[in-house]
Structures are given as C-alpha cells and as structure tokens.
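Two complexes come next, and they have one chain in common, subunit A, joined by subunit B in the first and subunit C in the second.
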Partner chain A sequence: MTSFLYLAGLILLLTVAASLIRIHIGPTRAERMMSAQLIGTSGVGTVLLLAGAEGNGAMIDVALVLALLAAFAAVAFVKASSPDGAGDPEEDDR
Partner chain B sequence: MTAAFVFDAMLCLLLVGTAVSAVAGRDLFASIAFFVTYGILIGLAWLRLGAVDVALAEAAIGAGLTGVLLIGAWSMLQRRCGDGGNDPAMPVLPKLAAAAVSVTVTGMLALAVLALPVGAPGLVPLVTENLSESGVGNPVTAVLLNFRAYDTLMESIVLLIALVAVWALTPKELWGGVPGLRQHARPDGVLATFGRLLPPLGLVVAVYVVWAGSEMPGGAFQAGTILAAVWLLVVMAGIAEEPRMSSRLLRLALVVGPAVFLGVGLVGAAFGSFLGLPVDFAKALILAIEFALTFSIAVTLALLVAGTPREGT
Partner chain C sequence: MNLAEAFTILFVVAGIFFFVAGTVGLLRFPDTHTRLHALTKADNLGLGLIAFGLAFRMPDVWGVAKLGLVWLLAVLAAATVAQLVARAALDRLPDLDEKGGAR
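What follows is the complex of A and B.
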C-alpha cells in the first residue's frame, strides 16, 4: 500500500514536470501563471499522498495551508494585469 | 522502499531543474512562476526529510507571500521600465557581484553541512530527555520557545528591523501615509467575493496552527504568515485599506509580540535565568508568547509586502 502511494505521488510529480514545460514555453503570462497554479494543486495532492504513505497526520496541515494560500499568487497576477496595477480586470465589464 | 527512492529521485530532479530555470531564464515572469513552483517542491522535500514544521513554514511563505511579493515587484518594474520588466541595460558588474555573493553563501552552507558529524544524533537525545520540562509536546516548539528562546526573540526583532529598513526608504513628504498602492476592485466581482470568503477560513486555520504548535507541527511564524497573506487578500480585494504608518495602534501591534516575549524573559531573569520558563507555567507562557508573536509577525509581514506609502495621499 505504501509503495502504491509513493507511485501515485510519482505520477503527480510527472504532471508537475509537464506543467514546468508549459511554464518554460509559455508563451503568454497567463499560461505560465495557470501552470504554476496547477502545480500548486498537484502539490496539495502529493502532500496528502505523502501523509498517507508515512502515516503522519500532521502533514495534512501542510496540505491545508497550501490549499488555502496557493491561489494568492493568481490574485496578485490578476491585479498586476489591470491598467494601474492595483485594479481588477472585471471593473471594465460593467 | 524502491518506490520511495524513485519518488525522491524525481523530486530532486524537478528541484534542480526548477532552480536552474528560475535563475537562468530570460523572461522575468517565467522566473517568478518557476520560483513559486520551487517553493512548493521544497515543501515536499522537507516533508520527505521529516521536517513537517519547516514544510508548513515553506508552504505558507512560498505559496502565500513570496508569489504576491515578487509579482507585485514585477508589476512595478514593468510599469517603470516596460518590456515585461526585463531590463536589458542591467550592467554586468552588479550581476557578477550578486552571483559572487550567492556562490559564496552557497559554498559556506555546503561546507557547514559537510562539516556536520555523520551518523551522530546531535542534540536530539538532549531535547527528548528534557521535553517533559518544556511544557509542550512538539520538540521544535520546545527548542524555539524554551531551550533556545533567545534565538527566536532575536529573530522576531530582526523582522521588525527589516520593516524599519523598508520604511526608511519612504520619501520625506509621504512619511506617515498609507503603505502600498490604492487597491480597488469591482464590488460584486470575483475578486471581492474571494476576499470576503477566504479570510474567515484563513483566520480559523491560523489560530489552529498556533494552538497545534504546542503539541504537533505549527507555531507563531507559520500562523503569522497565513494571517498576513489573508490580510493582504482583504486589501487587494479593495475591502479594507492598510492602516497609516503613523497610527499608534499599528506601532503597538508591531511591537507587542517581541515586547511580551522580552517581558516574560525579564520576569524569568528576576526569578533565576533570563528567558527561563518555570515548568508549571511553561505551557501557558509559551502560548501567550506565541499568540502575541503571531499577531506581530502577521502585521510586520503584511507591511513588508505592502512596502512604502503611496503617492498623493
């Protein structure tokens, strides 16, 4: 069972590798940002698999914190993409 | 066991690849994306090394604050120099100097690691032996808040000094103003909703992480980072503004953590040793220090990311 969890984690790491390639080629910034976000999601999954494999419940807290905060870089990115760097692209849709 | 080895090998490969891409990449934004990713992978590596406390700090700092800080800095650079924030005119000499400093630090760290005695248990038996006298069950918290409390005290003061250094960059006419850009968002938009939905959850998680810190991985620094990130989200969503730099309440919030820590230390000094905690009250005192520190660390980190005051206020 433990080996299975590590193998599942390995597969998630392979998806991380695929996302890294997307960060490298881009070409737009949104693609790079979305790949980084995808890696955040894979990271949460991998942490949970490690928690199961090593039988350490405290590791689940790491997944919790990661899941809570992983989207923050995307928020900063969206802010940076607005005209004055402090706005919200949705403001133009009225 | 082999599956774990293959996992570790893949993780190391990704870590080195991400680090090289972050440093060697030509596009600044791609480098930031790689660096954020690197933080997540380093967190996984700490978990594999059994350092859950460090992984927790890395998850909070790497995923929560570094991304916001770097993307904010990139956004400002882009507005000032154009060309995606990439500055082709950067002279070679500062680049070489930065590389030299980095290589020296890395070399010294490598030497320090190689100088560690191999196979020796270090201070682990000493900590385990005295854990029952520390008042807490998490050995990391016992070391940070009891056995080696003065390190943590100085770290909390260093954080404060870092903020003083950032504030020192404030132009004279803006002194005392509101830090950071004036943030605004569509009131009923996705960002504003997100900014209302997430902070209560973040608050609960932060309080949990401090409380859990006494018996299992967690603690003031991790929780303070979560609070800081959540507060930055509230500000970015245009729901609330950063307080003025000149606010007395803000200054008080900044120093309360180190002050409580120092106060407990001085009372300890009156009864025997500086920062010595009596066994009977150790847990209560550690929790008091941790909660006060969490608050101050959160305020300090949030203001560090916000930067100097905006113009035109």
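What follows is the complex of A and C.
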C-alpha cells in the first residue's frame, strides 16, 4: 500500500518535470507563473502522499504551508505585473 | 486488502489522472487562457481527490480535518489566482501566431 503511494508521488514529480517544460517554452509571463502554480500544487500533492504513506500528521502542515506560499507567489506576480502594481481586478483604466 | 485501502487506491488514482490531464493540457493547449483552464482542473480536482483518498488512511479525525483544510486552501487559492492571472494576461496578450507561440 505504501509502495503504491510512493509510486503516485513519483508520478506527481513527473508532472512537475513536465510543467518545467512549459516554463521553458511559455511565450508569456503568465504561463510561467501558471506552471509555477502547478509545481506548487504538485508539491503539495506529493507531500500529502508521503504523509499518507507514513501516516505522519505533521507533514500535512508542511503541505498546508506550501499551498499558502504557492498562492502568495501567484498574487505577488499579479501585483507586480500590472503597471500601477495594484493588480486590482476591478480597475479597468489600464 | 480491506475496503479503506480500495477506496484510497481508487481516489488517489483518480487524483493522479486529473493531475496528469491538467499537466498535458498545460503543455498542449493553444493559448494562455485554455492552458489556465486546464491547470485549474489539475489544481482543484487532482488535489481534492488525492486528499479525499488519503483521508481513509488518517488515524484520527484531526488528520482528516487538516487534509480538508489543505484542500480548501488549495481550492480557494487556485480559484482566486486563476482569476487574477487570467485578468493580468488578458490585456498583455502578445500577437500570437496560429500555433499560440509569441510572434
């Protein structure tokens, strides 16, 4: 059973490798940010699988923090990418 | 192999399937917004199914609650980020040629 969970974690790491390809190709900066978001989520998935394999509850906190950081990274990208830095979805005078 | 392990395997396989589908979509789709669409599927559904599958293995209710919390955070983050990135990418689209690559 744990070997199955480790195999699933390995497949998730392969998806991380695949999203690195998109980072290399990605014409626009948004695609690179999306792949970074996918890497964050695959990381969270992998840590969850490892937590499930070893029945270790503390690793779920690691996954929680990783999910939080991935979200903040994407928000930072959006705030940096809009000219006045506000990145406010409502303001349309750009 | 009791029922709980069967459920775990079933849901984790489903979660992995959505992750791989989202990643393939991210690589193969023609332009930014369709890639973003594929990506958020992988985020929400893939992670949700994996978390749900693993909940059967958690010894106590706190582990299940934490798994639910991780999934809830991931869902909220992915939804919000998808909107923001989509809007940020909207007006800055370079004139893409038909294959979706920047001209």
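As a convention for this text, the second predicted complex is superposed on the first by the 88 of 94 C-alpha atoms of A that agree within 3 Å, B and C clash if a C-alpha of one lies under 4 Å from a C-alpha of the other, contacts with A are read in each partner's own complex, and residues count from 1 in each chain.
Criterion: a contact is a pair of C-beta atoms (placed from the backbone, for glycine too) under 8 Å apart; a residue touches a chain by one contact, two chains touch by 3 or more.
Values in this document were obtained by computation on a predicted structure and should not be read as measured data.
Novice: When the two structures are laid over each other on subunit A, do subunit B and subunit C clash or fit?
Specialist: These partners fit in the superposed model.
Novice: Looking at A:Leu64 after the superposition, I want to know if it touches subunit B, subunit C, both of them or none. Which is it: first, second, both, neither?
Specialist: It touches subunit B and subunit C both.
Novice: Now for A:Arg32: first (subunit B), second (subunit C), both, or neither, which partner does it touch?
Specialist: It touches subunit B, and subunit C stays clear.
Novice: Quick check for you: in the superposed arrangement, does A:Thr15 touch first (subunit B), second (subunit C), both or neither?
Specialist: Only subunit C is touched by A:Thr15; subunit B is not.
Novice: Determine, under the contact definition given at the top, whether A:Val75 touches first (subunit B), second (subunit C), both, or neither.
Specialist: both
Novice: For A:Gly43, decide between first (touching subunit B), second (touching subunit C), both and neither.
Specialist: After superposition on chain A, A:Gly43 lies in contact with subunit B alone.
Novice: Should A:His24 be classified as contacting the first partner (subunit B), the second (subunit C), both, or neither?
Specialist: first
Novice: What is the contact status of A:Gly52 with respect to subunit B (first) and subunit C (second): first, second, both, or neither?
Specialist: A:Gly52: touches subunit C, not subunit B.
Novice: On the A-aligned overlay, A:Tyr6 touches which partner chain: subunit B = first, subunit C = second, or both, or neither?
Specialist: first
Novice: Subunit B to subunit C: minimum CA distance in the overlay, Å?
Specialist: 6
Novice: Looking at subunit A, which of its residues have contacts with both subunit B and subunit C?
Specialist: Correct list for subunit A: 4, 19, 33, 35, 61, 64, 68, 70-71, 75, 77-78, 87, 94.
Novice: Would you mind writing out the residues of subunit C in touch with subunit A in their complex?
Specialist: The contact residues of subunit C facing subunit A are 1, 5, 8-9, 12-13, 15-16, 19-20, 22-24, 26-27, 32, 35-36, 39, 42-43, 46-47, 50-51, 53-54, 57-60, 62-63, 66-67, 69-70, 73-74, 76-78, 80-81, 83-85, 87-89, 91-94, 96, 100-102.
Novice: So in the complex, which bits of subunit A are touching subunit B?
Specialist: Residue list for subunit A touching subunit B: 2-4, 6-7, 9-10, 13-14, 16-17, 19-20, 23-24, 26, 29, 32-33, 35-36, 39-40, 43, 46-47, 50, 53-54, 56, 58-59, 61-62, 64-66, 68-73, 75-80, 84-88, 90-91, 93-94.
Novice: Per the contact definition, I'd like the list of subunit A residues that touch subunit C in the complex.
Specialist: Listed in rising order, the residues are 1, 4-5, 8, 11-12, 15, 18-19, 21-22, 27-28, 30-31, 33-35, 37-38, 41-42, 44-45, 48-49, 51-52, 55, 57, 60-61, 63-64, 67-68, 70-71, 74-75, 77-78, 81-82, 87, 89, 94.
Novice: Touching subunit A in the complex: which residues of subunit B?
Specialist: 1-4, 6-7, 10-11, 14, 17-18, 21, 25, 27, 29-30, 33-34, 36-37, 40-41, 43-44, 47-48, 52, 55-56, 59-60, 63-65, 67-68, 71-72, 74-76, 78-79, 181-186, 189-192, 194, 198, 201-202, 205, 209, 212, 216-218, 222, 226, 229, 232-233, 236-238
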